[in-house]
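A, B, C, D and E are the chain letters, set down in written order, and residue numbers restart from 1 in every chain.
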Amino acid sequence: MELYHLYQNNYLIVAVFLLLGILLPAAALTIGKILRPYKPVKEKYTTYESGIEPFQQSWVQFNVRYYLFALLFVIFDVETVFLYPWAVAYEELGVFALIEMGIFVLMLTLGLIYAWKKKVLKWN
Amino acid sequence: MNTMLLTLLLFSPLLSVLILLFVPSDDEKTLRMTGVLGALLPLAAALIAFSAFDRTEAGVQLEEVYQWITYEVFQANGELNYSIQYHIGADGLSMTMILLTAFIAFLASIASFSVKSKLKSYYILFFILELGMLGVFSAQNLFLFFVFFELTLIPMFFLIGRYGYDNKEKAAWSFLIYNGIGSAILLIAFVALFMKSGSMAFDQLKAVFALPDADLYEMFLTERFRTGILIAILVAFAVKLPVVPLHTWMLRVHAEAHPAIVMIHSGILLKIGAYGMIRFGLGIFPEEFKSLAGAVAILGVVNLLYGAFLAITQSDLKKVLAYSSVSHMGIVLIGLAALNEAGIQGAVFQTVSHGLISALLFFLVGVLYSRRGSSQLHDFGGLAAHMPVASALLLAGGLASLGLPGMSGFISEFMAFLGLFNVMPVVAAVGTIGLILTAVYVLRAVLAVTFGKERHENTVYGPDMTALERFPAYMLLAAIIAIGVFPSLLSGLLGATLESIKLGWGG
Amino acid sequence: MSNVPLSLYLMLALILFCIGLYGALTKKNAVIVLISIELMLNAVNINLVAFSKYSLHPGLSGQIFTLFTIAVAAAEAAVGLAILISLYRNRPTVRVDEMDTMKH
Amino acid sequence: MMNDLLHSQPGWYNAAVFFTMAAVLLLVVLGFVTYAILAERKVLGFIQLRPGPNRVGGKLGLLQTVADVFKLLIKEDTIPKLADRPLFILAPVLTFSPAFMVLAVMPFTEHVQFADLGVGLLYYVGISGISTIGILLGGWASNNKYSLLGGMRAAAQMISYEIPLVISVVGVILFAGSLNLNDIVEGQKNVAYIFLSPIGFFVFLIASIAELNRTPFDLPEAESELVAGYHVEYSGFRFAFFMLSEYVYLFAMASLTTVLFLGGWNPLPFLEFIPGAIWFAVKFSIVVFFMIWIRGTLPRLRADQLMEFAWKILLPLALLNIFTSAAVKELFL
Amino acid sequence: MDTDALLSYNWSVMAPEFTILGVATLLSIIDLFMSKHTSRRPLLWLALAGVAVAMAFVFMQLDQDVTSILHDTYRLDFFSKAFKIVLLLGGFLVLLLAADYRKEELSESRGEFYYLFLTALLGAMIMASSADMITLFVGLELLSLSSYILAGIRKKSRKSNESAFKYLVSGGIATAITLFGLSYIFGLTGKTNLFDVVETLQEPALLEHSFLLVFAFFMTFIGLSFKIAAAPFHMWAPDVYEGAPIPVTAFLSVVSKTAGFVILLRFIVLTFIAAAGIDRDPLLVQVQPYLMVLAAATMIIGNLGALRQRNVKRLFAYSSVAQAGYVLVPFVSNSTQVFELIWFYLLAYVVMNIGAFACLQTLTRDARSNDISIFRGLFSRSPWLASAMTIFLLSLAGIPATAGFAGKFGIFMGALGPEPGHYVLAGTMMLMTLVSYVYYFNIIGLMFFRDGSSKRRLPLPPSLGAVLVFCAIATIGLGILPNIALDFFFESFDVNEFFMNTGHNH
């Protein structure tokens, strides 16, 4: 029970931090609202575009390469999902687990090489 | 027992197929030659088989049995032996039909000379068809029967669809669909039977169904099951025969297919229906058949009358003959329903005799069509003056068809009705009206063609029948008259077999 | 140890699954469809993890299963996006109802 | 007392105590940020042979940043008409909160730590990732081409460098056999992991600089190209929160580096008499100074170099590090 | 799990899988480092060799007793070997098809095609051998993910992309549904190993939760039936078949479908064999009516759908849906014959369908169209090709003396064998077979009865010719002498072995 309370308390702290993390901006912005001036002029609310009149919507389609990086990210981020528990438990698993992980990483490296060769990593 | 004779007979058409494959497709002369000689081969084999056949013996002869397919996985379940044999053989009935098949196929191969294009594939399909037909009649188990039954379906589909008149494809389709339905029902019935009894061979099935009822119940072969299977089988063959509500496809085929094909179709394929009813209906389920006899008889009479009435109204010679086939098949049903010796004999006789007669008539229609490009009754008239031989043959065929004594039709009709009068006099009496109607429509049509008024002043007929055309016609006519005069030719062959069938229902 | 009953987890997973299924079947935007599928898979993960702790026969293998599900879901999302990009290159739309070249 | 509290039934009382303590930490962090900015400007000044801030608050400009903060506080706050208003407001909060939240698990000394989570490192990695969404959201919500581009670049960069970052610490986890940051520090009693896993440290350091969007990896906010990147439309205190979270992350990342590689509060041999807090502060300061130093020395990378560097050099190195670390563990430990 | 234990495993059990994996890896590396302009054709031979070697390994394993490794997650019994033979055979033939698929269209990603194909095949093989829900799932997804990409491998073609996306979405949904079902099974038993699950499911304590179990059964079954394109997850098939390149379509309709049936057999039949449904009746008996409805619905949808198709690929898609419906029939009767009947039918299906696709590929490639009119006058153009296609179509339609008939005959036997027989289902199947005559014979009719616009003979590359000849011979051979295959299966297959838990002895 004690341990369980410890566990709960730890996460209570995390929750408190979250609360504070939100409270601070909220408070600061509220105080700011009281202090700062408010003199709306139409020009102030136009979108900044180096001084010229903004044209077109800026919510345009992104370059595809962003997606490609996102894809790579997804793959390698999931890899770490496997790496972390493996690393934690390495002590008990022994060398064979290392070899297994070697194969696993090799496969992923192959994926990286693939992306490399296919010029996915090129940014231009 | 295991002589290879029947197998050789069965697969002899394949030899021709093989040869045909190597004949160039534009060499029509060689193709035709191969076709005729190829068709002669099974005929010769059939005659040899016939000579080896002991007519006095009732059982299956020339038997060949080889283990073929074993469903061990089903065997493992119980004591039933789920295996299928390659089992062929012939009893009197089969022998008759094999002879008929080889004979008509040979003549049809000569009649096929009027096929002008795509000759090579025509003959290949023709021989596959012949293989199927021979197989159907010599199969001694349900599986093999079914395989050959379907094997006739495919080449026939092509033969109808590729070689014929304007609406040939539609005819091919309705042929396929109707017969497909028939074979589908058949397959379900066969498999159900197989699964419950563990066997597909005729003789073993007969043995199983001869067991006492208690044993049958143990095998789940209940009364209801047996009747169900019988009805399914009868319906399946009724499509083939055809019995009235299911007959439309046959009219199309007869009207649209090439005459040589129609010869085979009405001469042999329709008879598979009759053959099947006798083999499976009577042969395996005599008891159950008895309980359905009334319905069969009524259907037979309906067929007879319906076909006859409609034949009277037709203006196309082909249609007249097609409806006459419907009508004549009614007689087969009538004979079967009688369930006595005379009736069955009549049915079988009718099967054979109608095979010959309709082959003859359709052959003649083909000849006429080749002269006039039409088969409408009013397009002829006064044919006798221009084509005396053709007219004479047509008249002879017509008379055979209406059952003129001395020709094969008479004997079969007489015996069938004789059989039925003994059992169901009222139904038979109604049926006799059909016989009168037969005379009416046959004479109407034939006389209209031969002696009718010439409608067109400048009618141009071709020359009268050539020697090549006369030959098949004479052969058929000879056979018709031979059976008419010496029915013992046929009854001798059939007698022993019919006797054994009769034992089934204890007659 | 816990006062949260198993049924609540299952309910949550079921709701999540249904939302995902609904989204995957009705949404027009291809990306949202992919996300909906992820939702369904995550519902499964909740189920597995909850079961592995609170079921009749608790067992770790449920959590291992979850790891695999996560990895596969990621791969599936990656493949899905890649296909979507390639599709987008040929025709700039992500609306599912505009993918209709093969209507008959 | 703390220990008892942690083991007691959680309730409002606990929450209140925690809140107070967290607020104290928040103040410390804010103080750090204020003076880190000043320090940065000073150090940069020294490097560039100029005095740096020297007007407000005496010769050293001690109140310069404080004044800056107040300036931001009273500045007018505009939200562009075309912007996506809710998201625009949400974005700075979403960026800041995780930055502060990750501090919850940081063990500053043996005794000064808030939440001792079993999966502390994972928690850090997971929570810090959320900030990327905040930045992307800010760039998107502004509905401005520069900010969008900046946001996208920032996101691409951050996710690209997150991979080597998280993989480079696998070595550390291998040695410690735990994800708990306390255990990791404990594991460095004898030797700091920087010596056992130098490649990991190298990769981690570079990736962390990139994660912080600091020079030479400050492309997302490249003033000369993108006129400030994703926060171009932000003004007043909303802008301040982006800046704030950047420096809070600096704080967090420097702490994490200290904990993971530099032995945390562990003293150097023979110097055990100096308290752990001092050791931590010293190591922490070195890391911070190093980062400022780098900023003063190195030029900004080109965009293509930036991305390719992460994938083609750091990632393979990080993967290699796993196996060298494992080899080290097998051979020497 | 220590090193010694791992080393003590009999890794040769996985030799076929390792072969495929190795070749796939090798291919991908070679492909990456090959110059852009070099022909990828030689890679095909490597891939083919890989499949052949794997096949050889499977045959070498035939005598081996049932073994399992990796804590019983991977299992080598005759069941898996027999189906692996079918899978590898199908894979080999499809690869040969791919050898000649429009060079210009696949040129860009030909290398990818080969190794993705192999990984898909590997996934299918893993499915055949797995005895654990996790392994099963991984195999399933390996196959699925690879096939999603394969379907979209013509990057420039919008249809191909669309089909890939549709496949992915419906596949993803199906996967999620399957997993949801699996999660409940895990929840009820706490095990992922199928044999442990079987054991646990017999516990009386579970009777209270039989509703959940039935629920789980249906979720899993419906999800898994996606792979075989059975109702209600058939919708993807026409679109995907149409959009994907023909070799991929062939792969999906043959290998992928076979794998789907394998997994259904392994999972459904094994896992639920002893499970009790609601009110303590055996679950598999209780769900029979529903399976019957599913099978019938699949047949009906497939056949009626095929009737109105003008696009041959869509037609074959619906036809394959229909075929799946036929193969579902043995599941209903649920007896020990299930394995043999399905195995045989799938074997027959592999040869006849791939043969048909080979013809299709030749034609579509020549005509650059998928309209059914490409069959017009084929007989006068290329009589041999038309004859081969006729054989395949007749077999698909189930005409005697073809493999398709032998397969269907077996299925009929299975349906009518038990007491009471499933007459309604058999009748439906028969009726639908008849409906299928219409569209199969329609093609035959076009080939034989009509004149085409072109009189030119079709070029037939040797690889396609080989496929055609092999498939035609096999179709006829299996039709006339089905015992070749039946005996092979029967003699080695042992139901007890299938249900036997090898325990945790490695």
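As a working rule, a contact is a pair of C-beta atoms (placed from the backbone, for glycine too) under 8 Å apart; a residue touches a chain by one contact, two chains touch by 3 or more.
Computed from a prediction, not measured in an experiment: that's the story for all the values here.
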item: Joint neighbours of subunit D and subunit B, given as chain labels; value: none
item: B-E compared against A-C, more contacting pairs; value: B-E
item: Most widely separated chain from subunit D, with each centre as the mean of CA atoms; value: B
item: Chain at the geometric heart of the assembly (C-alpha centres); value: E
item: Label of the chain whose CA centroid is most distant from the centroid of subunit A; value: B
item: Chain centre separation in whole Å, for subunit C relative to subunit B (CA means); value: 64
item: Whole-Å gap separating subunit A and subunit E, where each centre is the average of the chain's CA atoms; value: 41
item: Centroid distance [mean C-alpha coordinates] between subunit D and subunit A, Å; value: 13
item: Centre-to-centre distance between subunit E and subunit C (centres being mean Cα positions), rounded to whole Å; value: 25
item: Interface hub residues of subunit E, defined as touching at least two other chains; value: none
item: Multi-chain contact residues (two or more partners), subunit C; value: 75, 82, 89
item: Chains that touch, pairwise; value: A-C, A-D, A-E, B-E, C-E
item: Interface residues, subunit B side, partner subunit E - complex; value: 68-74, 76-77, 82, 121, 146-147, 150-151, 153-154, 157-158, 161-162, 169, 172-173, 176-177, 180-181, 184-185, 187-188, 191-192, 194-195, 220
item: For the subunit A and subunit D complex, residues of the former touching the latter; value: 2, 5-6, 8-14, 16-22, 24-26, 28-29, 31-33, 35-39, 44-50, 54, 57-60, 62, 66, 69-70, 72-73, 76-77, 79-80, 83-84, 87-91, 95, 98, 101-102, 105, 108-109, 112, 115-116, 121-124
item: Interfacial residue positions of subunit E with respect to subunit B in the complex; value: 335-337, 340-341, 379, 383, 394, 399-401, 405-406, 409-410, 412-413, 416-417, 419, 421, 423, 426-427, 430-431, 433-434, 437-438, 441, 445, 448-449, 481-483, 486-487, 490
item: In the complex with subunit A, residue positions of subunit E that touch it; value: 1-3, 6-7, 25, 28-29, 32-33
item: Subunit D residues within the subunit A interface of the complex; value: 5-10, 14-15, 18-19, 22-23, 26, 73-83, 92-93, 96-101, 103-105, 114-117, 121-123, 125, 140, 142-146, 148, 152, 155-156, 159-160, 162-163, 166-167, 170, 173-174, 177-179, 227, 232-233, 236-238, 240-241, 303-304, 306-308, 311-312, 315-316, 319, 322-323, 326, 329-330
